[in-house]
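Paired with chain B in one complex and with chain C in the other, chain A is shared by the two complexes that follow.
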Partner chain A sequence: MVNGTVVDLSRVQFAATALYHFLFVPLTLGLSFLLAAMETVYVTTGKPIYREMAQFWGKLFMINFALGVATGLTMEFEFGTNWSFYSGFVGDIFGAPLAIEGLMAFFLESTFVGLMMFGWGRLSRGQHLAVTWLVALGSNLSALWILVGNSFMQDPRGAVFNPTMMRMQLRSFPDLLFSPDAQSKFVHTSIAGYVTAAVFVAGVSAFYMLRRRHLELAKRSFRMAALFGVMATIGVITLGDALGFVAARVQPTKLAAMEAVWKTEQAPMPFNLIAFPDQKERVNHAAVQIPDLLSLLVTHSLTGTVPGIDALEKRAERKIRNGIPAVEALETLSQDPGDAAARAQFDAHAKDVGYGFLAQRYAANLAQASPQEIRRAADDTIPAVAAIFWAFRSMVGLGLLMLAYFVMAVLFTLRNVVQDRPRFLQAAVWMIPIPFLANECGWLVAELGRQPWTVFGILPTWMSVSDHSVGYMVFSLAGFLLLYTAFIIVEMVLMIRAIRSGPEPAHGGPVVHVAGAQEPHLGG
Partner chain B sequence: MTNTPIEIEGQPMKTLAYFLLFLVLAFGVILLAVVLGDRGAWYFAWLIGTPLIVLVSAAGAAWLDTQEEAAAKGAAHKAP
Partner chain C sequence: MELFAGLQVTWWLLLGVLLIGLGVMVGMDMGVGTILRYVGHSDVERRVALNAIGPHWEGNQVWFILGGGALFAAFPLIYATAFSGFYVVMMLLLWTMIVRPLGFEYRSKIASPRWRNVWDWSLFVSGAVPMVIFGAAVGNLFRGVPYSFAWDLASVYTGSFLGLLNPFAVVTGLLALALSMMMGAVMLLNKTEGMLYQRAHKMAGWASLAAIVIFAAEGVWVGRIDGYRLVKAPAPGILQTPLMQMVTRAAGAWRDNFSAHPSLYLVPALGFLGMAGVYLATRAHRNLLGWWCGALAWAGVIGTAGAALFPFLLPSSSDPSMSLTVWNASSSRLTLLWMLGFTVVFVPLILWYTSWAFWVMRGKVRAEEIAHDEHAY
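What follows is the complex of A and B.
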């Protein structure tokens, strides 16, 4: 039996490395397309200011890209070191998108990143523009394959469980690639990256405008970022709705946790705007509700209902009872793969085999699993409600804040008065961390909501880990935390230094400083 | 300046090469639209939406140039 502490430490370690990595990724995804936009204007108009912009923001892109790659590399190895059973169980499916991601990231993306950085003056304008677009496409396509793999964990499609091999096998690659969860998750995540980059570029530009430095670059960058950001934010909200719609069908426990719905009510159901969920008592304290809104948001109708946690737990109990004979049949098949009776028993209960695995954690002898043990396993199918509820509300709240910010930014910049609004510019600088926080909250909703599964409904988390000692896990976790914190500090120092230095003139001409302007003072 | 015989002969081949290139591109785009439109509506939306966002952003920058030029001209006219 796997040590529960090792399971928890493995989860914490992967969560920590992923959360660190996800601080870098969205900025890369979005900034690459913003660079493409700036360089497109440079190539079409021939104005040197846009080359200066592309080179300056390109330098910041490179800092972020390098540290993003460094933090991402370890995660691929973590699957093998800490999640070895998972890797063997779904390697046939998860391996394919992961391998394509590796090819995209290390061949397409990295090759063109090199050409983009060192190709100025060596490639023609058109060639360099094509390279920049390919960097943007490569970055986002490598994210696509990771998210396709992740979507398989949320909504396993295109694969079947082979009871004689004891692992999943790929049946349909198109089903895997085109699953609704993969599609909506990729577009939601990619566009969240656009929003992150837009807030970052607008914030740094606002900093320059406040200091009356690099005004031409800052005004143009702010204008482009504001328009880029407002459209992207609308896209993120639209795709967030699509993801919720998918979750309602494929991960009802996640949705019930996101909305803190303990009991199924008659339609139309109210939306918990604010609540303090109590998982032990199964109630919400101090709930502030908006009538009818939950049905409308989740089912897009006033007649749809969201199953409550109580009903989902009862359903899980039934599935566990149905899954236990499948696991018993697997034990027989592991001794004798040709046992026809065991195979027939497995096939009859195959759809709930994952729920049978859940019961194994508490019942050493599945044939004699007690009602208490089954109830305990069913209770495990409900994720951490309060954490998911608040992470979801934080993400949505921050998303709406960014929409309001970008609407104002667009209004000010289109009237070309943003440089005369110091309070708004100060707010724009303070907005820089907001999308990063929203991204982390979104990741927490997606991954905490998937528990207790690594592959939803098929492979429980407790079965997926490697058999390490607690000491090994504590040591490696501490090492990762120290190393990744160092990466974050290095990124911040390099970014702040590059921003304080400012852009270099495009053709050797002087960078214009406005007389009487203060020297920049960022980060201290 | 007169064209050399090589350029005269080369021009139709270049045009044909362009024609074939764009034909293949058009075929690829139509195929992509059919496949994605049928199975991957959100992927298709991303493929269309991203260049749209980029182009709107780029148009905004070009518009700012126009605004600045107009403002500079206005200031020059007002100057004594």
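What follows is the complex of A and C.
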């Protein structure tokens, strides 16, 4: 039987390593594009200041990139080390986008990032520009494929359960790739990366303007970031809305938790601006509501409703009862794959087999699952409402804050007065952590809202974990904690040092590498 | 169903190609990390050594990442069972490997000798430890790994961490380490001059000789340990789980494939040829030839392991009949087919632009260039 502590520790470890990895990835996604944009201006106008910009931001890019790569290694292997049942169960589908990510994106990004840094003196302007664009393309393609994988967990499409193999198998690759959740989430997440980079570049530029240092570089960088940022923020919000629309259809429990809707009400339903959800009593305390807005936001109409948690739980209970015979049949089939009666029983109940798995956690003997055990399993289908509700509100609130900030930034920079607005510049520096926070909140909404499933509606989280001892989990968690804490300190120190020292004074620029026969001066 | 069996064998071969890529490319960079403190005495020498692989190590490392991804996609049960079974070892592997990008990227950002010394040690650890672990993992495939499956194919690991450190596995780890130090040294021969070159030259000679000795010793040794034999199983190409077969153990069974097809002895022969080639070519200062001989050595060693184990991928020592094979651990036909499509398109592209990157950065790395290049490591 699975140990609940191991399940919890496995979840904590995955969440911690993923959230940590996700601190660095969005900046890579966005900054790679900004670098490419700066260099494009350099190549088209020939102004050296843009080359200096591309090189300076490129240096900061690399400090961040190293940790993104390092922590990404953990992610690539953690499914196998800690979620082995999950890996065997859906590897036929989920493994493919991960492998394609390596083939199509990582090789591109990683091979050309080396040339981007080391090739300044060896490539023609046009070649180097192409290399920088390929880095941007590679990093964004990697976001596409990992989010295709993630979307399969949210809304499993293009797959079918094979009872002989005891696993999900691919049925249609295009269905997997063109899942609406994948499409919206890819755009939403990658543009969130652009916002992150824009806030970062604008904030660091504001720091220089405040200190009256590197003014030329700072003003131009700020302008590019502000324009890039305002467009990107609008894009993030639009796609966020599209994602909510998808969630309403495929993950009603996630949506109900995001909005803290306990009971289905008559349309048009009110929107909880602020509330303190109480999962035990199933009520919201101190709710501040806006009439009609929920129906409008979620269903884009005044007649649509959002199913409440009570109704969703009742539905889950029915599905559990229907899924239990499917799991029982599977157990028989694993002994005798040719048992026709068991196969028929499985086929009749196949669509709810995941809900049957859910009941296994509480009912040692599924045939005699008691109503209480079934109710406990149904209760599990409701994710952590208060956490999701507040993570969602924080993400949206921070997004709106960034929109307001970028609108002001664009106005100031287009009138060329931003350098004379010290309080705004100070605020711009303080804005730097905001997109990182919003990104983390977005991850929490998406992944806490998916619970209690690793593959929504099909594979429960508790079944997915590897069968480790608590000791092993404490060991690995402690190791990650120690290493990752050290890493972030080192990274911050280097980042701040690099920012303080600023762009290199133009002492002759990069040296041209020539393959020659000169004697080296080693040992000096 | 013949298409399915063909796809399974194709993916088994592709997995071999990936492992060879991992050995050659990642092994080379890790080898440079391992021998960094030996070949580079001064800070400048160490920087030259690091910058020799500086533009390429990121791209090379993807062979490792892709290895994980491809294993997941093509043989999910191997990915699941091996990585969770080897948990503590995997954590050590991950932790040492994630230090490496920072070692490259951060080492030269601060001029303090203490700071750089710490990162030089971290590059040593993150070069040597993962190579030993890779090798030991392959060595353990020959001994079998203690795991079994529940009715729903949940894998249960029954061994301990220490069980993975058996002598055969450790010696295989040393073989991987020797090969990687050899390749790291050969890479430096191609990219450096002066004292650095001379020390790397010595290292390439010793490492290739060590690899020959270990590889030969393991060839004798493997005849004395228990191998696995597939006695009864559904025909290849039929969808099957590891609960449907019978496997026995017998001393020397890892030689079965070689006895049945003596031409397979060519594979280890190529391995020896590659290692000897590295020795002879580098003695003659034909260093590019030496590099290709090193690649051949890796291909021979990994090919030998594959030829001996086939069709086994991960034998179970606690319940041999639950061993994972090419036939029962693979993905479905459709997944293998799609993945093959992507591979056929992208691997040639990858090889093409990787070669271009090496060509752009061709020539020796020189100390005075690094001193003026703010992007250098």
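Simple rule for what comes next: the second predicted complex is superposed on the first by the 502 of 524 C-alpha atoms of A that agree within 3 Å, B and C clash if a C-alpha of one lies under 4 Å from a C-alpha of the other, contacts with A are read in each partner's own complex, and residues count from 1 in each chain.
Rule of thumb we're sticking to: a residue touches a chain if its C-beta (ideal position, glycine included) is under 8 Å from a C-beta of that chain, and two chains touch if they have at least 3 such contacts.
Because the structure is a prediction, the values reported are computed rather than measured.
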{"item": "Fit or clash - chain C, chain B, common chain A", "value": "fit"}
{"item": "First (chain B), second (chain C), both or neither touched by A:M165", "value": "second"}
{"item": "Partner chain in contact with A:L103 - chain B first, chain C second, else both or neither", "value": "second"}
{"item": "Chain B versus chain C as contact partner of A:A387, first or second or both or neither", "value": "neither"}
{"item": "Which superposed partner A:T40 touches (first chain B, second chain C, both, neither)", "value": "first"}
{"item": "Which superposed partner A:F228 touches (first chain B, second chain C, both, neither)", "value": "first"}
{"item": "Distance in angstrom between the closest Cα atoms of chain C and chain B, superposition on A", "value": "16"}
{"item": "Contact residues common to both interfaces of chain A (with chain B and with chain C)", "value": "none"}
{"item": "Touching residues (chain side chain A, partner chain C) in the complex", "value": "55, 58-59, 62-63, 65-67, 69-74, 76-77, 79-82, 84-96, 98-104, 106-108, 110-115, 117-123, 162, 164-167, 169-171, 173, 330-331, 334-335, 337, 463, 466-468, 472, 475-476, 479, 483, 487, 490, 494, 497-498, 504, 508, 510-511, 513-516, 518-524"}
{"item": "In the complex, chain C residues that touch chain A", "value": "41-42, 44-45, 48, 51, 54-59, 61-62, 64-66, 68-74, 76-77, 79-84, 87-88, 90-91, 94-95, 97-102, 104-106, 109-110, 151-157, 192-196, 239, 241, 243-244, 331-332, 334-335, 338-339, 342-343, 346-347, 350, 353-354, 357, 360-364, 366-369, 372-376"}
{"item": "Footprint of chain B on chain A - complex, ascending", "value": "33-34, 36-38, 40-41, 44-45, 47, 50, 140, 174, 177-178, 180, 183-184, 186-187, 190-191, 194, 219-220, 223-228, 231-232, 235, 239, 242, 413-414, 416"}
{"item": "Residues of chain B that touch chain A when the two form their complex", "value": "39-43, 45-46, 49-50, 52-65, 67-68, 71"}
